[in-house]
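Here is the structure we will look at, set down as structure tokens.
When the chains are written out, they are named A, B, C and D in that same order, and each has its own residue count from 1.
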Amino acid sequence: MTETTTQPALRLQDIVKTFPGVRALDGVSFEVMPGEVHALLGENGAGKSTLMKVLAGMYQPDEGLIFIGGGQVRVANPMEAKAQGIVLIHQELSLAPEMSAAENIYLGELPCKSFGRVDWKALYARSNAILERLRCRFRADALVADLSIANQQMVEIARALTVDARVVIFDEPTASLTDAEKVVLFDIITDLKAQGVGIVYISHRMDEIFTLSDRITVLRDGAYRGTLTTAETDEDAVTRLMIGRSLDLSQRVAAGEVGEVVLEARGLSCAPLYEDVSFQVRAGEVVGFYGLVGAGRTEIAETLFGLRTPNAGTILIDGKEVTIGSPQDAIRLGISLVPENRKEQGLVLGMNCRDNMTLPQVGDLTTGPFVSGGAEVSIFDQYRDRLAIKTPSWRQPVGFLSGGNQQKIVIGKWLSMQPRVLIVDEPTRGIDVGSKSEIHNLIRQLAGQGYAVIVISSEMPEVLHVADRIVAMYHGRVMRSFNAGEVTEDSLVQAISGIGNGKAA
Amino acid sequence: MSTTNATTPGPAAAPLRWLMRNPIWGFVLIIFVFFSLATDHFFDIRNFQNIMVQTSTIGLIALGMTLVMINGNIDLSVGATLALAAAFAVDVQSWAMFATWGNWQIFPAVCAALLVGIALGALNGFIVWKTGVDAFIVTLGAMLGIRGLVFVYTGESSFYAMNFAYSDFSALSIGPLPVLALIFLACTLAVHLLLSRTVHGRNAYAVGGNREAAINAGIRVGPHMMVNFMIIGFLAALSGVLLSTQMGAATPNLGRDYELWVITAVVLGGTKLTGGKGDIIGTFGGVLAIGILRNGMNLMQVPAFYVYVILGSILIAVLFLDKQFNRRTQGGLRL
Amino acid sequence: MSRRITSLLATSAAIALAGAANADTVRIGITQNNVGIDSYQTTYERAFIEAADANDDVEVIVLDAGGDVARQISQMQDLIQQQVDAIIIWPTDGQALVPAVRNAHRAGIPVVVTNSNIAEAGLEFIAAFSGPNNIQQGIYSAEMMCEALDGEGQIVQVTGMPGYTTAIERQQGFDDRLAELCPDVVQLDIQPGDWNRERAQRTMETFLTRFDNIDGVYSGDDNMGVGALNAAIDAGRAEGMVFIGATNFAVGYDAMARGEYWGSVYQSPVDDARAALQTALDVLAGEDVPLLNYFDTPKITQDNMDEFDRPVF
Amino acid sequence: MLLTRLKAGGPAIAKQGILVAFILFMIVFSLASDRFLSMDNVMSVLRQSAIIGVMALGVTVVVIGGNLDLSVGSMLSFATVLVVDLHDKIGPEMAIPVMVFATLCLGAINGFLIGFLRLNSLIVTLGMLSAIQGLVLIYSGGQNVDIVDQSGTWFRFFGRGAILGIATPIIIFALLALIIHVVMSMTPFGRKVYAVGGNPTASVFSGIPRSRVVFATYLISALCVAVAAIILGSRVMGSQNNVGQGYELQVLAAVILGGTSLLGGSGSIIRTVLGVLMLAFIQNGLILMGQPYYTQWLVTWAVIIIAVWLDVAAKRGRLFSPIA
């Protein structure tokens, strides 16, 4: 640390934040020194994003104190946070698409001449200066809607540089950046650091964290698990802290008999999303698709579920070639998809639990022309018990349940259809750790019962934990395929970073 | 990863690309050429003057509607607001207290009318802001209610202006431009500048395009929307005043269904109902398109019955084409 | 009222005629109120076009304002711009069209107003008015009502679309005459029926529940009158109730034949249209046309209905 | 911040805001006019509200499915003119099926453009509003249509008949409300409409044919218009070409007043019936009180905004919007 001051730039003390049914933050403390890069680490649902929103003034903590530059403050809203020099760079882009990059960079504080006119000259000059500093190749007057996702991310980052920041929070900033852009970003971070700005860096990627950070704080289940000095620790120690134990694969539920090939893809392509993908899934087996966001995994699932038309290749069920033109076709063939985005794709939030669960088969649960409420309730009860769904009643709107229970409703929805193939996309995103291992065990059990299961995940522990075989993807291509016994973390990391030798499964 | 700046346009491609962004102007061009060839009286400076005057009514409101719709709101009450403002503009000049003012009695009348428009807009905006009820519903109610106010105020009959100076105003021209057209063009320019050059105008895109981001950036979304409702109230009232100068009178049924035509014009101009997108250049094109179509079909003597069908079909067709042109890759996901 | 046509007008007509002489035919533009809202206007339009087709020297431009004042003003502008020889206008609003008519007058185009007259302020700018006298019609209806009720009773009135001249004039003629002729006939209430039979039916239904004794109903036209009649029949209260309308429609004529409808005012859209065209042609021919050309709209009752043809609309 | 709940009991009342308002109005009107609650008057109001009511049922289904239908007004003109005109030409037994089929075709155009081509429903139905009005006029040539033999046709039953002393329009409205209520709350189709309106993406991910469901909602809406047209044609025994003008807004007002969210996915047929009745009783009550007819517009303005406001407030748990 270059600064002589011992006051942290930002300090949170014993922060508690609850949502209905969830204790998202449970007495978390956290601090950033000026000129320090402090990594915040935790699995999905560990409370990182909630903590971040508290930092940025978007949430008010129920309990706990916030100190900025030594003085205690209340941060009522994002503007106040910004005024205090705390800037959040969102992972989910929060840009207005039909405005220029410059306007987005200075949103809410456009430079102004008389009569409320925008001072374009100043705006563009300042914005271009920032964009140059970020080594962006687009101009400040480019329309955001016309920019690539990566460039939009750069605009988001540029926003943070407009103020005299005391603390900058980066939330998964590299998720959509190319390697070259990453290098620029890291330079920027180093610059900021040199200027004495405190950096909070949130990421899943160990390599980045170990390159950049000075200290690492780990959250788990909404609770503080410890702070490590980066130079004095290693990935194992961090991982242990993160998941609460070392990866112990022997603990997992044993697989059942592996049966015949149920689903097979041969040379499946949906350019430019993914190309030439081949794999097999057998009954009683879990196949994990592992790769970074955007590697084409979700798109494969969508193709199998009839939501995308492949432009080459074939899909076989039980060895017979099939055409899947719609989700209805997929369902008829016994393919189910638990989608990645639960709230947008998986559930009708205003509907009650029972109705959500029986939605795909509501047309068959009839007596005469009417939906048989009794049949529905009995299905609901059956899967509520089997999946241990916690809800006061089936009448509860699904939006009021916790993430884990919501996910179980979606899984129950498809299990009740008696599918042959179950595709689960990011099964534990946004779910607390307790439910997480429940869902992992559930997936193992399902395989044991003879389902052919595909699990898509960007969390290595998850695939290692649940999959019998792992297909590693990078940039729309299958890089390698591993058996659970032979895989190492290194080889997986290499495969999904495009380093491994491209050998199709 | 793709970069979008890769396309390097040749010099000839620039107008073409502009047309692709503003397809309505392509349409305006086509119908302009069509009517010029198809009928004798279309291509005539006096006819163009007529078109400008005729479109000014819908056009003025459409300017305001563009702002409101970019915010992601809508205002269905403009037709009724127009009628109430017209009634004030005509009635107030005959009040006894202004009897000695001569032609100046028009001045307080017009001010009253415009204030009424602004006040009604403010009321709509305030309700939308404070209650959080969808603007569609708020202004649907207001559309009925304000029409009721018109009938309460006028007692069901028309008002007329004793003073011919009032209706003479509408016949004035400055150079080749009728004064009504001039006012419309001036307002178009003003709102265009407001939307494209001022902080308030630019913020409109943020409020409609990403409300969450606008709130986080410290834009006061509620008052912002209210100001835009006041602007559309003002423009609807101005439109009512100008219309009443053409009539020298105000009728209680004035402006019925105008909201539908205004929305049609604005949507033709490329503004999205969902907010965040649109501009005055497009709206101006949309307004002209309707004006030219109406005028041209009049001149060609297309029977009135067919005009309804043609206008309705064109609206749907433009919507369809817009969807085809602007189909930003949704990743090919079939939803 | 009998204002002479000014010399200015005469000259302008002459100029127009001179212009017309160059061409073989005269071009007459007509802008109508709201074709399609009821059969009267549609029949009028047809009759007008037929009459014009029958005359080889006339070319007509037929426009419809759809009930919208602003659109009618635009159409006036379009017609002026096309330099037609004469304009016939069926004003959507008597008051609001005055400046537009004045503009035509200034442009030297003679204007003939048809069906419902323009406000008094505009009379000096028109060449002639041709049409029924709506106030007189209201008076006729009041007289029939008085007669039918023997000067005593309680009545209700269903008016046309609020704010429109014809509706206002008929109501005015009726109200004034009724009060003067038989003060013992009490008007219980007046509500609009919007020239719409179903609306009138609903209005009447509400009257029927509100008032236990209704002896007579005056409706702004027979279309609404029949709606009111239907309501009374459905309520079982039509017996002995007097229904009087205006603008005799075929449905009203038939109801009269059945003895359910007392009387109306006979007004033929065909006569209306022909009169308008003829007036315009007379004006263009430079003839000395009186300013107000009312065509006859006689009373029609169950007693004298045999003298009239069944209306075609 | 969103969790500041109204005090216990508050939300329950607010949820039933429309019912409370309805009862309040009924009390006020019955105090103001002794005729208001008379059997005659109530029956007359119910009969008058039947046409708008029947149309509102269909529009409710469309709105629950997440769309709007502004074309119902001119579609009503179309259907009424058609059925009345054909009555004398091919007889009522043929006229009704032909009209129903033609109206369903218009609904199918709406449904195709909105369901399958995914065009914005507000704009499409706005365009259709204008286009269908033109079609009516072209079809009839602008003439009124009439049924000549008004007393001799069984067609009169629908608008003027009665069963056990209750007017047929009321019975049709009640029956159709019941049927559509059952369809929406008890059949798989109804469930799918709620799902599609509530979350179109999730319903596709649940294997629901979203396009077909939306298409079907417009067919239902058109069917309701056809039924309304039969009542209207039979009641009036004739039709003008613009008879349905402005109905779309009254219908929409009733649906909104019934608490159906324009965002889709929520709402109920029964509450729409309440909304329809409320508007009808407001109109009737004010006239009975001797108010000019336009007072009802002012009252409707206030009632719509307050009713929807309470609804929204109950959902978000606070009275005023949190937007600064």
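Here are a few things to note about the model shown:
Definition applied: contacts are C-beta pairs under 8 Å (C-beta built on N, C-alpha and C of every residue); 3 or more make two chains touch, one makes a residue touch a chain.
Since the model is a prediction, treat every value here as computed from it, not as a measurement.
Highest inter-chain contact count (C-beta pairs) belongs to B-D. When chain centres are set by their Cα atoms, the one at the greatest distance from chain C is A. Per-chain Cα centroids separate chain C from chain D by 35 Å.
Taking each chain's centre as the mean of its C-alpha atoms, chain A lies 73 Å from chain C.
In terms of their C-alpha centroids, the spacing between chain B and chain D amounts to 30 Å. Contact with two or more other chains is made by residues 307, 326 of chain A.
Those residues of chain C in touch with two or more other chains are numbered 35-36.
Residue positions of chain B touching 2 or more other chains: 151, 215, 304-305, 334-335. The set of touching chain pairs reads A-B, A-D, B-C, B-D, C-D, using the touch definition from the header.
Chain contact summary for the complex, chain C toward chain B: residues 35-36, 61-64, 66-71, 73-75, 77-78, 81-82, 92-100, 102-103, 119, 121, 161-164, 168.
Across the complex, chain D is touched by residues 127, 129-134, 136-138, 140-149, 151-152, 215, 220-222, 260, 263-264, 267, 273, 304-316, 319-320, 323, 334-335 of chain B. Note for the complex: chain C touches chain D at residues 35-39, 41-43, 45, 189, 191-192, 195-198, 201-202, 205-206, 208-210, 223, 226-227, 230, 234, 249-251, 254, 313.
Taken together, the chain A residues at the contact with chain D in this complex read 20, 60, 305, 307, 326-328, 330-331, 337, 339, 344-351, 355, 359-360, 362-363, 365-366, 369-371, 413. Of all residues in chain A, only 58, 77-79, 82, 94-99, 103-104, 107-110, 112, 115-118, 120, 137-138, 142, 145-151, 176, 178, 270, 273, 299, 302, 306-309, 326 touch chain B in the complex they form.
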